[in-house]
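Below is one structure, written out as structure tokens; comments come after it.
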């Protein structure tokens, strides 16, 4: 595990129980500033629960969550959050959805809307500022969802399989796009996925989670140079890393 | 698949049989059915619920007056108000018990229905007030007078307004569809309009006291009968002797019911045990109806002048486009013999 | 011709065709069963009666429309508020819901008479009856709409730092609009019948309902059918009005873009070209 001097996000010894069974078992994880960390693991390993704890939606039974060293356990509003569902609000336009964070807290001002328009334009949705979500494709909607998350200016993003519902062609486009956004804005990302290729392509580290009760079994650094592109996917280093991850995953596939 | 086809065929056949039977039974002419060699005469009532005005008919059955005349009289209840004429026209009844105005409207609508006998001889429509409250028709300005939607009320109200020297907009006329006595007793309206036999019966059985009443004829309304017995000209032509026998027996039933009101009402209640109102209401009502039936000597008899007046009254309130000659509305031919 | 205009013309033509079809079947029934005018008048005669008696029909229609419209508004408001309150508290819901369902099982004709005694013969008892008919579909739909708001969306709002009330106003309340209009469409169609029943029991003012009875009492079948056609027209018009209101209030259901455009100059924006693949 890489320990930066001041980790951006610290998950410290978090335990969560549900119906008497352990969902997360003394899970610890640190993410450094502007690091991109992916979590891979079997279904039901408590990845969503980990997300709920880090985002503040759920209080762990024990353990803490720290942001820049400050405790934020159980507090919402500190991180950005994105699911497989785009959760775009149907009666708001693209711009309206991007400014949702501001709209729900202090109220969206014209400056927020201008920023949203700039963000959308910069990433290819300039022609769709006033469109309603139902008029956009799945990929476009996820892009808007990511922009909504970026517009929160929290600089820490939790992404839970955001491209899982898209077809493989679109998914690839979106992965490359996410890479460019990440390189542009230098945000800190915690990313959950089933797709090992996706994890390796995008991340600085891949953490392998066990099945229930969930804990981090292994933390693999991904030493591929940035900026990354399609070519990375077929390089020998990539294949080697993939083999390592798959081995680790295979070990954890045995039910606990 | 085959079983399904057979099943459908069976259901279809049964349905066809049921529908045909229903049609057949409903269009069976009266004269074709005989029970113990009595001919059936269907008399259609004027209201979708039976009440004490049917006493003479039930007495006619109970005391055997109709049976002696070779008739089996069945009382048919119409499904709604103002449908008696239509039921006669459609062949669902032979003789109707109806209001004079309905005969006039029937003729206007092209239905050749005629009145063959008067039920009542007088106009017993009027104003009703709470027991003890005096009615002064000249002081109705600004008051609320409950009215119904029927044509008799519409024909009579102008006389009320004229007697009170007011226009229609100077009195409140809330419209009721079935009961204006209850609101009167509850104090929601100052006056109610009604035929007095019903008003008296309802108030007496409800409060034990007699209401304050004022006959419309006392302030200028024509003294024309409210109810009559009717028949389609076509039916009368082919069943003339039955019509005559019916009216003769009915006159006897009238005389008996007037002479023995309590026994008559009890006979009526025995025939219709499940009606609302009960003994007191029905007895009060029948007793209040008797004055309107006229002297014994002229029971059921009609006069041309009555029909002229009814037609004129309806014409002057705009309900009747063209008054016809009285012979189009009535005939006394079946009262003789 | 613009696409919108063409669509409207087509819709109107179809509506006219539908009416023509109904009138055609009506005439056919009269012909097939040899019905005389006193049993069932022709649609032509009924419509002509409306036209010739318009001076009588016009104030009657205004009265019935007034009863229907006000009662509808009251019923819709009550239904909406009840739906919101019941969704906020399961206890309230369990307490009130059975009573609401029972209220609809009671035949309106039965309660109309006591209502007239209680509230008199003016506008009020009719408003109560119309509201009675309208509020229930609204309650049910609003309640269902609120229950089906995506749990994840509410969580998202919380993660973003929204307070509970703010999230409710921004996410749950607007989510009720579509189901609300479904309920309103149902209520609108039945509202006018409520007004007529109210008029039947007791009425200080003449409306189409009282005219129905008066015409029936003088065997004026063309008058009866004329009034019936007017009442049907009110019901249909109510429904259409709600449909129009729905399109206006929920533009995202029928439009791709919002009417109000974001004013934005793209001159100063560096468009990111690296991953500018297809617009997926």
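Note that the chains are named A, B and C in the order they appear, and that numbering of residues resets to 1 at the start of each chain.
By our rule, a residue touches a chain if its C-beta (ideal position, glycine included) is under 8 Å from a C-beta of that chain, and two chains touch if they have at least 3 such contacts.
Since the structure is predicted, the reported quantities are computational estimates derived from the model, not experimental observations.
Peer 1: When you take the mean of every protein CA atom shown, which chain's own CA mean is nearest to it?
Peer 2: C
Peer 1: Per the definition of touch at the top, where is the C-beta contact count highest among chain pairs?
Peer 2: A-C
Peer 1: I'd like to verify one number: the distance from the centre of subunit B to the centre of subunit C, where each centre is the average of its C-alpha atoms, in whole angstrom.
Peer 2: 41
Peer 1: Which integer distance in Å separates the CA centroid of subunit A from that of subunit B?
Peer 2: Inter-chain centre distance comes to 85 Å.
Peer 1: How many angstrom lie between the centres of subunit A and subunit C, each centre taken as the mean Cα position?
Peer 2: Using C-alpha averages as centres, the distance is 46 Å.
Peer 1: Considering subunit A alone, which of its residues make contact with at least two other chains?
Peer 2: none
Peer 1: Using the touch definition from the top, list the residues of subunit C that touch subunit B in their complex.
Peer 2: 36-39, 113, 116-117, 120-121, 199-204, 206, 210, 213-214, 216-221
Peer 1: For the complex, give me every residue of subunit B touching subunit C.
Peer 2: The contact residues of subunit B facing subunit C are 80-82, 85-86, 89-90, 101-102, 105-106, 108-111, 144, 149-151, 154, 172-179, 182-183, 186, 188, 319.
Peer 1: Can you list the subunit C residues touching subunit A in their complex?
Peer 2: Checking each residue of subunit C against subunit A gives 150, 152-153, 155-162, 166-167, 170-171, 174, 177, 250, 252, 255-258, 260-262, 264, 266, 269-272, 274-280.
Peer 1: Which residues, counting only subunit A, touch subunit C once they are in their complex?
Peer 2: Contacts found on subunit A: 52, 55-57, 76-77, 79-81, 83, 85, 87, 89-91, 93, 95-96, 100-101, 103-105, 113-114, 117-118, 121-126, 129-135, 137-140, 152, 169-170, 173-174, 176-177, 179-180, 184.
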